[in-house]
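You will see two complexes here that share chain A, one where it goes with chain B and one where it goes with chain C.
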Partner chain A sequence: MTKQHANWSPYDNNGGTVVAIAGADYCVIASDTRMSTGYSILTRDYSKIIQLADKSVMASSGFQADVRALQKVLEARHLIYQHQHNKQMSCPAMAQLLSNTLYFKRFFPYYAFNVLGGLDSEGKGCVFTYDAVGSYERVGYSSQGSGSTLITPYLDNQLKSPSPLLLPAKDAVTPLSESEAIDLVKTCFVSATERDIYTGDKLEIVILNASGIRRDYMELRKD
Partner chain B sequence: MFRNQYDTDVTTWSPAGRLFQVEYAMEAVKQGSAAIGLRSKTRVVLACVNKSTSELSSHQKKIFKVDDHIGVAIAGLTADGRVLSRYLRNECINYSYTYESPLPIGRLVVQLADKAQVCTQRSWKRPYGVGLLVGGLDESGAHLYYNCPSGNYFEYEAFAIGSRSQAAKTYLERKFETFKDSSRDNLIKDALFALRETLQGEKLTSSVCTIAVVGVGEAFQILNQETVQGLINEFEIVGEELPPADEAAPPEQGSGAESGPSAAEQGAAPMDI
Partner chain C sequence: MNVSDSTPAMNNLMGSEADSQRTLYPYVTGTSVVGIKYKDGILLAADMGGSYGSTLRYKTVERLKSVGKHSIIGASGEISDFQEIMRNLDDLILYDNMWDDGNSFGPKEVHNYLTRMMYNRRNKFNPLWNSLVLGGVKNGQKYLGTVSMIGVHYEDNHVATGFGNHLARPLLRDEWHENLTFEEGVKLLEKCMRVLLYRDRSAVNKLQIAKITEEGVTISQPYALKTFWGFSAFKNPTAGAEGSW
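Then we have the complex of A and B:
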């Protein structure tokens, strides 16, 4: 007798793609705004990006119900941190918190593929990339979600990130200027939108730098 | 007379129907350094006197942010106050998490009062030895509450607790009718004047006091020292001689919103209100 399998799944994939690029004194975090299920579109206007702290912005693709639950947990934990320490969490601290929060549900994971971007305590751009259970690494750029397989090779080609195996450790942040990085992100999404059915509608770009936070939008193909 | 026989346990009534341990806890509040609160329709100002054990040490933290829209000022056992502030913060965070909206202050003070009441009815606990002036917002505007160790709570237009708070209360009673439509600056000015009354001649400077404001459209924040000193100078509060009438102020006759504590000073049990 074959094993009985569940006739429903607690998970769903709402699709979408997220990208983040770290610069010398800025960080760009971007995602499309399409939310899908199966071959249908649920909405063309859903933000996958959230600002968790002054200098930490998270973008997540995957199952948006789990993403929202994860965002709420991190927001509450950040409030507690502020009460206890009288200051905002730094981006590396938030990165560790996100990792721990994800691993906490190791045996019923958040179906969320996250990218955390922000400025470290020296003001340099930082990007952290995660899997669903909290394994993470600081990188110069990253892409997650349905279009990541199309975007990551392109970013590898353009940003030529040095290998983390090199000694002495070479800085992974890109020498590109802020506006060049934004153009690069736009190019990534326009290309991914062409071939990935789950990516499109609108691009939301969040830019974090010393003067604060800024949002840009760009229309994408809606088919 | 019979006080000492019935005051060992918080769960022991006296023949006169009083719980002396709870009353002793309210005494602890009166021994703490003064804290003052006042409110307009849209804003609450909390002010307190900073007491430190010696010139070498820092002063006790007596004003705590609970959430963007709520703050507390405490008087009495500040350690108890710190623990209760953590509880209040937690309740606000949990409510925001569940309902994605700020916890109305009226609900928070009831939860706090219920928590205090528990300690008056368990033989293995003791009442919290701290009084809290909770100032914050809900949909109808700004509110100020006072939470006692007894588990009672009252809403106030303005109130003062702690040592020499009577002088501040007298000032507030004179002026409270003007607070409703007061501007932000005038409300802070009144708080500083009330605070000065509790100092009984000591010079009012920003190192001796802490001021915090919360209002509609203004998140709770503790004003920094330079701002406070600037306001003190602006209002020329420094070193003014107290008019004799204020110093000779008798205990008030229990008028208006302050009837609770005044009755206590006249010897009746505070919880009987």
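Then we have the complex of A and C:
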């Protein structure tokens, strides 16, 4: 008797796009708020962004149940860290934790495409980008999710990022001002919304800087 | 914890004997559940059908059940799995009551519990084959959420499962607004259920509507919707193509 195969998949793609851009003294993390399945829209108002620590904000697209479980694990681990070290986790520390957490489920992955943004210990903006099993890299900007293929080339062009092959390594953090970066993000999403069916409804932008954290919203096309 | 995990059959973890321990496909199923927020609280609607494949086998299945004092759950999918969920929920509420500390689980807590339960079973590749709607009101706060069999969950002003997502949500997106009265809410739900009755072959014309407000939870007696089949095209269906079929 041949092995029976499951006629259901433990995974689903609930769509959506996330973007993060690091500046000299700020970080912008943005995502759309549409949640889909197949050709249906489940809800137009679901946040993919979560603040994990004072200076760490994560945005994730992919399979929503896995994303939520991942968020809960990281939140819990951060709480334990605070109890043990009497301080908040730094963004680079959270970045490593996220990578380890993802790899932990290397053989039944969290179907989550993450972008972690925040301020490093020097107060400079930092962005870390991940694949589903924890491979990560610090970059000046990144996009993940269903609209990433549309957004990344545009950001490459606009932010003129230095080659990661250069020696000595050149800082990829953008010289743009905070408001210019926010405008850029809005343009990215409006463009992605035009052509990606899974991106749209509303844009949520989180801005992290020395004065704290704030949120901005913008309507996107709902078709 | 599954005792059968340690039996000889489970040594061969992915063998065919172990498969008899997991859900492969549903048998007796309920169809759509539709829910909306309205001015005073939440309204849920579901018909009373339990299909066995293409047979409309059971017509008095209660797919809306109250959970504690503040919430109602509506289930679609495998009915036996829903009964299992109700056993877990009833235990949960019982233990909550036994604390006797003046606190009681509201809809947010129950929804979270359901989400974790569904996700956990999905992780073990043995899902509870249901899509659930959870609505409630506590301390004036209205809550309406949904969970699927793989743990996908969200809250919104209107939710639906199964075919309801395709047929009812568009109507709700067009006609739902913040200040629906009870009568308007029921009328809107009935409109959704009527469309489902016409177009979902697993729907039956016997439904219940549940109402949750700060005052409490009520589930209506079953009733039927008025339908219209008097279209001239239905009177002589083969008039244009006479033949054996």
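In this section, the second predicted complex is superposed on the first by the 218 of 223 C-alpha atoms of A that agree within 3 Å, B and C clash if a C-alpha of one lies under 4 Å from a C-alpha of the other, contacts with A are read in each partner's own complex, and residues count from 1 in each chain.
Here is the rule we go by: contacts are C-beta pairs under 8 Å (C-beta built on N, C-alpha and C of every residue); 3 or more make two chains touch, one makes a residue touch a chain.
Keep in mind it's a predicted model, so treat the numbers as computed, not measured.
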So, does A:Tyr11 touch the first partner chain B, the second partner chain C, both, or neither?
second
Comparing the two partners chain B and chain C, which touches a greater set of residues in chain A
C
State whether A:Lys3 touches chain B only (first), chain C only (second), both chains, or neither.
second
First, second, both or neither for A:Ser211, with chain B first and chain C second
neither
Touching A:Ser163 in the superposition: chain B (first), chain C (second), both, neither?
neither
Which chain A residues qualify as touching chain C in the complex?
1, 3-4, 6-12, 14, 35, 37, 40-43, 45-46, 63-65, 68-69, 108
Quick one: which bits of chain A touch chain B in the complex? Just the residue numbers, please.
72-73, 75-76, 79-80, 83
Residues of chain B touching chain A in their complex?
65, 86, 89-90, 93-94, 96-97
Residues of chain C that touch chain A when the two form their complex
14-16, 19, 24-25, 115, 119, 122-123, 125, 127, 149-156, 165-166, 169
